[in-house]
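Several structures are given next for inspection.
Across the two complexes that follow, chain A remains constant while its partner is chain B and subsequently chain C.
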Partner chain A sequence: MRFFLRKTMETESSVTGGYRRRFTGFLRKCMFSVLSMGPVPNHIAFIMDGNRRYAKKRNLQLGEGHRAGFASLMWILGYCYELGVKYVTIYAFSIDNFKRRPNEVQVLMDLMLEKIDELLKEESLVRQYGIQLYFIGNLKLLSDNVREAVERAMEITAKNNKLVLLICVPYTSTDEILHAVEESCQDKLDHSQAVKQTNGSTDHCNQTSQEDHEHDIKVVDIEKRMYMAAAPDLDILIRSSGETRLSNFLLYQSDKCQLYSPAALWPELGLWHFVWAVLSYQRSYSYFEKKRKQL
Partner chain B sequence: MSSLAIHLLWLLIHLVISIFFFVLKIANVLESYLISSGFLKKYESINVGKLRYLAVVVDSEDALQINKVIKLVQWLADIGVKHVCLYDNEGILKKSKDIILKNLSCVKLFEEGDEQSLRGKKTMSLEFASQSDGKEALAKAANLLLKKHLKLRSLGENQEEKIFTEAHMTEALRAVGSGGPEPDLLLVYGPVRCHLGFPAWRLRYTEIVHMGPLKSLKYGSLLKAIYKFTLG
Partner chain C sequence: MLSLRFPISVEKVPLNVNRSPCPSSKAQNLSCSSCSRSAWQRAFAGATGLAAREEDKEVNGRMALTGDLVKLEEPLPSGLRWELMPRHVAVIMDGSARWARRRGLPASSGHEAGVRSLKELVELCGKWGIRILTVFAFSSENWSRPKAEVEFLMGLFERVIEFELQNFSREGVRISTIGDSSRLPKSLQKLLNKAECSTKDNSRLHLVVAVSYSGKSDIAQACKSIAHRVRDGLIQLEDVDEELIEEELATSCCEFPCPDLLIRTSGELRLSNFLLWQLAYAELFFSEALWPDFGKAEFVEALRSFQQRLRRYGSRES
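== the complex of A and B ==
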């Protein structure tokens, strides 16, 4: 069965290949219609770990490992779309990754540019499925050409509404939290400036300490300013390659979500891992619902 | 009619999975027994020095089983773990801090500087955390940073870049009482694999291992989890 479901973007020209793909597609749709009898996750996040190890294992160039990873992403995105998942978040590039060798960083940035171009073409999945691209992270750290491509991609796909793909690049949770804190501080400053101007400076002296506390930054203020405020609560966080660390990804948002660490490297992650993740989510659903209601 | 058939198929799949997990649980119990009886030699010597800081997350309902929590912490102290953070979302463990500490030997409450002061000693330091050390602490730290920013601004200096750094955030969290080291390993005792809101600022590179519900606490499984971590 794994042979049938091996991921490749090359089209098979033989007649039998075409029938095989249609048959496996039919089986997959049957599987998803059974799965959708239970709760379907709304938001899944992926840490796409293992591209470099995959390249090493298969004696490929480094860039080929990342390309295989991209192909894997397209398959997983397809499964998410077919099942009815509305938000998919991927950890494409960590701020820590800038510390890697410069030529590797360049390879990744070039690949990103290439893939953004590919995704915006007519025949791509993004157009076919109506996927909105949303880039999350400290975009100021990207080089100008990558940042322009990213902004253009967000603009072009802004009206798509079937599925939102949040691409975290370059991102770390601690950077996101810090940014949200800084923005909340600025909001409070702007707000108190506005209050001063409307009330006049004399009233400001009469402000009680209780009113002072009302102007304190609260958890909701910070959450409003997180990059990930654009997405709803996270349901499942999947990290491939069997690693159990979150590596500074969605640390704040994963407090009520199922964590799953299949041993497969990212380019090897397949349908059955996806199905298992959804089944595990369904088993834990009532527990998480109870936790959410307790808030 | 076909929708009913599909629904039954879904129930059947989940039933098969539940049976699978039940069988897996029995296998884990057997393995745990073998480990704690000393039949599996490799678990006898664990390089526990590699584990500088361990966190234990307990589901808040499970946290009511204080006896189990005490047993767990005492086992950790006996294995030789030096620093442990006990976390539960609702703060039940924090409230039971005194009872827990009273029933433990060679365990003291966490203080800044414990890593140096407890070196070479048998004592383990124990920290208690809850959701007030997570999201709420971030808000308190944000207010501290805001005050600092306002102070610098009133002195006429524009210092945003200097105030809003990760180092200052860490310092601000410490100042509001929610500092503490980043754990190397986090063990989750609860029904699902989830960190349940453990302070995000301290979770960056922590290995997260799910141990199952607290009621099925086993010494062998604990030893195995720590052993696997020290191998990595």
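== the complex of A and C ==
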């Protein structure tokens, strides 16, 4: 992890720059050692808001704002995994975002393709540190080339098991719940069909009602079909840019998690915001544990 | 020559810019379909202190002067604009026990003080034209609190509702409850039913009280109900959509089930299993004040913050 973070920092040829990098890295290591003495969140999610405003603020093209956002994401992922957070979920693209101008949607899809390729390269964070990629959402809404790239990335990283990165694209929580209900219903319908075909006609009525009871749709059936079933309970949800709303992200999973909405735009989100989020989580941790034990 | 001039400028500002669509709503809430009529209404409102309400012609006997203008019972504090008022406000009333602890009082005193805050909030919402107020009175997780505290709270709910029932009718407040009422004492269940029946025709303010409620369970029971209807052949699988799920949620008793603004007091930054689906696009406001200290000033601060926010629903400004 230290190797990756050193590699991705901007190269400075001066001796001063080298010392500063080592000192910053040392400070960060100390800080994370202290944080690690308390409870470390297992799963953090990010709503990466503010790339466009960042580009406007710095008179950049729209695409440059999103690129700066990706660079910020790599830093934040590095902090997460260095601290010991095992699961990170990011809201890369909402189904609602399809309402944006077509050229912006295309810019985002092209950027996604480019960055998926980058993530799978030998020297990337994913390869070096064994990160499994999950693309969470209604993948049928993606164009063929993006969907193929996404499926390929999941296949290539399927055997990685140290850390997990869940990328929500294109996703909304309500679509996730709807999909889970549809899948549960379809499975039960298929099962009922199979039972009716294999059972004899004379025993059909008695067995159908018994089978129905045994295979009644339960909440756990629906939950296991949610896209996010691959991840444990959410500990912290961070939204950048100061907006305090969920925008249809992880509604079902955020019932008990800590919320944090720093004013910084996503490309400006840094180490101190991350540390503050973890400290807030640790402050509330004893309360959460008490509640869990009472239940 | 006399000329008719509006006392304030007539601008084409879309109405309903700050109202939450429910997640299933297909159209964006940025329509400007009746701009010119709305602009006239706003001009008239500005001049006369009246506010336009598109849906209602009559509010509990208070007939509008022109048919669709209703007098605001109390002028809004400065800085608040009536056309940006949320339609549905939800509140997580947190901090009563802590308030009592800080004063060396028993938790029961905190809860009683909390009732006073609730009464004030109900009054303000009614006066300022907020249509629905949903309050998180008791969560399904709260059953694990000490038995004495739970019993006190159940008793408090009964006393307050019994006492306020006549006031609700007089003030045009409709009361509904959401949550697993089967766990409540029988006497409270009976009283809540009576309150819901006797106030069902009131329309000034809809007060929704979440008791023994869990947002996750709400979603789960809605999904299960739909799944059973599909299994039993009552609906087709292809007909299942987000709108159908919403109709099965406990909040389907409300005209506008999705809050525009959620307020949580006491400084804690979490949802605590409240509403969840319905909060998809709600603006969240976290107040540092403990619930018994949450009054008019704190509510105005929350409303001001709400009115300053730009709600994009995933798209961009043009």
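Methods note: the second predicted complex is superposed on the first by the 262 of 295 C-alpha atoms of A that agree within 3 Å, B and C clash if a C-alpha of one lies under 4 Å from a C-alpha of the other, contacts with A are read in each partner's own complex, and residues count from 1 in each chain.
We take it that contacts are C-beta pairs under 8 Å (C-beta built on N, C-alpha and C of every residue); 3 or more make two chains touch, one makes a residue touch a chain.
Note that the structure is predicted; figures quoted are calculated from it, not measured.
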Combined model on chain A: chain C and chain B, fit or clash: clash
First (chain B), second (chain C), both or neither touched by A:Glu82: neither
Touched partner set for A:Glu64, first chain B, second chain C, both or neither: neither
Which of chain B and chain C A:Asp233 touches, first, second, both or neither: neither
Partner chain(s) touched by A:Ser33 [first = chain B, second = chain C, both, neither]: first
Touched partner set for A:Arg283, first chain B, second chain C, both or neither: first
Chain B versus chain C as contact partner of A:Ile222, first or second or both or neither: both
Partner chain in contact with A:Glu118 - chain B first, chain C second, else both or neither: neither
Contacts of A:Asn97 with chain B and chain C, given as first, second, both or neither: second
Contacts on chain A seen with chain B and repeated with chain C across the two complexes: 172-175, 177-178, 181-182, 184-185, 188-189, 216-219, 222, 244-248, 251-252, 254-260, 284, 291
List of chain B residues in touch with chain A within their complex: 6-7, 9-10, 13-14, 17, 134-136, 138-139, 141-143, 145-146, 149-150, 160, 164-166, 169, 191-198, 200-201, 203-210
Touching residues (chain side chain C, partner chain A) in the complex: 23-24, 28, 141, 144-145, 215-216, 219-220, 223-224, 226-228, 230-231, 237, 240-242, 245, 268-273, 276-277, 279-286, 309, 311, 313-316
Interface residues, chain A side, partner chain C - complex: 52, 94-97, 99-101, 104, 172-175, 177-178, 180-182, 184-186, 188-189, 192, 212, 216-219, 222, 243-248, 251-252, 254-260, 280, 284, 291, 294-295
Residue numbers on chain A that touch chain B, as the complex places them: 33-35, 37-38, 172-175, 177-178, 181-182, 184-185, 188-189, 216-219, 221-222, 244-248, 251-252, 254-260, 279, 282-284, 287-288, 291
